[in-house]
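Quick heads-up: structures coming right below.
What follows is chain A paired twice: with chain B in the first complex and chain C in the second.
The block that comes next holds the complex of A and B.
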């Protein structure tokens, strides 16, 4: 009846609604239908856990008291966030995480870029060198954590032994305990792991640049610095942004290496958001509190990603 | 029997110690080793796979060697799905219990950790006869019976004793130098102050890398602080679970730890060490003396594992602190439980009966030095070591009996003891590292503990 009325042009229906229904009918739904499996997977593995975690962050959920997960009380829903706001360790972990990201991402890019430039000028044995360069990528972060934990061990570590033997230090140094060497050791291990990826991507970027630009610049008398400043860096900007996005997302989730090397300690000196969340959730059984902290981590990660994607979009616009 | 969240600090210690002493000193009939009784082998378990999640590291893993006998006799297959140190296994159990992803039938348990797992382990009282349960320390069984449900079957007890290097303490030259410098003879320390003096002396003389040591993270450091605290006459909590460790005893205990670290008398990486780390240092011959569990005795005494210290160390009673009557003696019992979600509960119980049987417990105690929790095993071990010609072993048993009867003290047995220690130990580390003054750190620790327990509904 309704359909018939609509077909006949029911005067009670506006022309906009009429055309909307027509558009809806005319729309080809098949492409949308094809995305349904992907949407289901994303909802199951991303949206649902995130939503559940958000819900849990409003409860006093204790890991070993399952009944507490359903203890949602409207007036107490921000208790975990209020405790976090008062928690000095949380702010320290947040600051450490930002510092860790900024230093490791930038240092990895600078070192990786330098290595890519050197590799680009190699005229022989480039294949074997590239393979060697990729070796750190083949190690699991956990193994890298153990490896560097041994390097920096105060008693039997390679670094102390080497420095003592060379006479560069007179007493062993507690690299993983002292400040700021604890954070620096973690950063070094992470940089060692990420530099190969950066080098490979930037090397590919450098090799994709037209040599004609450099030839023309040479003819015009451009110095090495000028060629770098006016050709290499601007032309490779998209590669830098991609590497930065990938690294930021990867390093923002840093956990394995830190967990193995210092576990966020001692005394929270190397605490990152994720190690602190893990400590609260698993060892402390305070899952509600840990979920609230994870939400803070998600906000931080999304903010970083948003800024970087905006830069990427701007870049695409600039480059036409 | 006790309520789930009831605090039993100190109060459990006395009956448990008394019962363990009775166990250890038990004058039961001494049986020849070949007459020792196995249990749990009377059922055919062909085709059944029993999965275990257990503590590993050090001597603990060697203890599972006896499982092959169980497999041969019953036809069962025992699969170890997880081995890790005490803290790793705790994390593994908690995450699997909470997530409902239990993939094991038999699980490690401990008197310090058991209160956390009560919702997830099978009550065991109906699987054991009264006679079977009577073989174990009555106080452990009582302490492990929460709301009428028996949570665990004990495997062995442990208490911290002072391990010291006999070659250093017996050195005439060092003895003379020490007496001249400190005004009293060099002998195994009997007070915390003496421990400090001797650590300082040995390091100052350059005869060893570290005077003493302690594990510096997680429950390990919080527990070590606990025994210093009670040796100094203090405690973590009062009877109503109010934190009270910012006391004079707390200040003395934290200052002792901080000064040892600040003056280089303990390893530089102390805050990153747990049990395996400190044991490795002593095993390497880098430490003059320290408080450690009996369970490491067999490992240190093995010339293949620890050639630098095997035959060159002895044990003595823990020192006293400000309270001249109270010795250190942090203690507890390792145990087994059956997961509530186990699909093979009967078979799992059979395995536990086997692993805690007189014969297996005797082998483990006699070989590795673990303190038995069965009266019959104590008598067997004492008899077996009486005429071995190794006075150290006989003396060790006498010492164990003394410590168990007089110094045995478990941590406060409330469900969130581990949550509390995880909240507290980073602050204790801050004190040790000098990031915070002792007074500020203790005040923060007390305030944080109150906040935590308040948020968990204790007040």
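The block that comes next holds the complex of A and C.
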């Protein structure tokens, strides 16, 4: 419209040049200026290093042999990945990571949801309970790692002490060393970290729902299950998405817990992709291999986030 | 207080509406109350045990068979942590860790919150070319695990001489905090009615003036929440710090915690004392924002 008016008012100017210049000037630069600093910093600290890491993953880079950095050979570029594919420990770590993520995310949501439902029914002592619930949130993941490493310690651990005192076991159990209990202990520690956040967000969601919906449902004779299925769960969808976003951050931090508690050991029993990559790089100085390894982890994380992103865009659209 | 309440019982009644006949206290509610209380008690127990351990004498902590009920409460662990008692000094440079952790966390918060807020505002108000792609890019950076990021950062920081410095570490944390801050503030800005912006534009305000004078003041609670999250994220971060920092000149608390572990022994009580020290900011924040924390976590999902 404006272009048309301009053309009519000033016939001497060519329409091409006019629309381009005007459009450039009319263009709203404000949102770009606001996002530029964020983009610069994130590109410098995350995007560029990750691109560099991708490059390193195609080289036989070994930290103690600097000459290996520039040894990029086209035919050999997938050597690290090929070695990984043949590495049993890698497959074990990959499987453990997927298992770990699926179990901790689902268990946190189910337990957190149950606690939120329970808390929504509470009629007294909400204040103290809320403070108690937030106590695990005061712990850094490293602290949670140390805490549970101590509790599950075979000789001085709280869990063994308690079970021995109660007479439930006669011999100390090596929780972090034995086969299924090692992974289970790690998952338990991670769930302990995530459950409070999940239940607080879901509790806020439950309390934000209007009681009228439930009253109407009771009048219509809806059962407990039907109310859950047709009112509570769909109405709380935005809160579940928030929980997923927060969990995706927390699960990434679970590395701290695993690193402190077992560091993937013993004998790679509790190895996750992150711990294995860390070991290859820090102890083995094999940055090429470790980078290839972390690329596999990045693919896992990005897939997870991408699914989440589509949900979130829908939510933003609904909110306006 | 009680006297005045007694003289005006109707006012007290209306101030706190009693449950109506439909929602009278039921035995099932009481059961639910106790169940919730028990479950949350069990959840909080491990944490309380750690805090208690920091205040017990070493003899009790390491006793075998274990002593469950504390006999004495002492500050010994903190004395040795800070080296106040030369005989039991732990030799852990706590003060350096404290200084490093504080400067890194404050620096990261002071820079990441304004940058992230600006980006969040742009995402919430403008549908510009590439806005969706940018938001996706920012979120995807969150999906990059710390270990994966720490390897190239180690190499690059080494090349530019920022390895083992608090500036290098703070710079990394700024970038890591920006996406979450932007996402958080996007939610907060979305809750502010657009009509306010339109009114400002009609009065001839520029985009910047509208942001600075109208929307930002209204989003201050969000800014507070974002600052707390940014501070705690930097304060608690371990993965990258453990690889980037090596000496007391730059090591932060989470990295320093391993000082209590030697090859064969672990000083659990010293670790518990340091844990309590590390928790202080989180405890302060949580107690101060007990109510608004919920709001901060659910930003935007509840309208109005």
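General observations
We take it that the second predicted complex is superposed on the first by the 272 of 320 C-alpha atoms of A that agree within 3 Å, B and C clash if a C-alpha of one lies under 4 Å from a C-alpha of the other, contacts with A are read in each partner's own complex, and residues count from 1 in each chain.
Heads up, the rule we're going with is that a residue touches a chain if its C-beta (ideal position, glycine included) is under 8 Å from a C-beta of that chain, and two chains touch if they have at least 3 such contacts.
Note that the structure is predicted; figures quoted are calculated from it, not measured.
In the superposed model, A:62 lies in contact with chain B only, and not with chain C. In the superposed pair of complexes, A:282 makes contact with chain B and with chain C alike. Within the superposed three-chain model, A:249 lies in touch with chain C and out of touch with chain B [touch as defined at top].
Of the two partner chains placed around the shared chain by superposition, neither chain B nor chain C is touched by A:221.
Taking chain B and chain C in turn and counting the residues of chain A each one touches, the greater count comes from C. With both structures placed on the common chain, the touch criterion links A:177 to chain B but leaves chain C unconnected. Overlap of the chain B and chain C interfaces on chain A: residues 282, 287. The part of chain A that touches chain B in the complex is made up of residues 60, 62-66, 79, 83, 89, 153-155, 172-174, 176-177, 262-263, 265-269, 279, 282-287.
On the side of chain C, the complex with chain A involves touching residues 19, 25, 29, 32-33, 35-37, 39-41, 43-44, 46-50, 62, 64-66, 68, 115-116, 118-119, 121-123, 125-126, 128, 131-132, 134, 136-149, 151-156, 171-172, 174-176, 178-180, 182-183, 186, 190, 207-208, 211, 235-236, 238-239, 242-243, 254, 257, 266, 268, 271, 275, 278-279, 282-283, 286-287, 290, 293-295, 297-298, 300-303. On the side of chain A, the complex with chain C involves touching residues 28, 30-32, 34-35, 37-39, 41-42, 44-50, 52-53, 56, 115, 118-119, 121-125, 129-143, 146-148, 150-151, 156, 158, 161, 164-165, 192, 195-197, 200-201, 203-205, 208, 238-239, 242, 245-246, 248-249, 252-253, 255-256, 259, 274-275, 277-278, 281-282, 287, 290-291, 294-295, 297-298, 301-302, 304-306, 308-309, 312-313, 316, 319-320. Interface residues of chain B facing chain A in the complex, by the touch rule stated above, are 87, 90-91, 94-95, 97-98, 116-117, 119-120, 209, 216-218, 267-272, 281, 286, 415-416, 418-419, 422-423, 426-427, 429-430, 432-433, 435, 451, 455-457.
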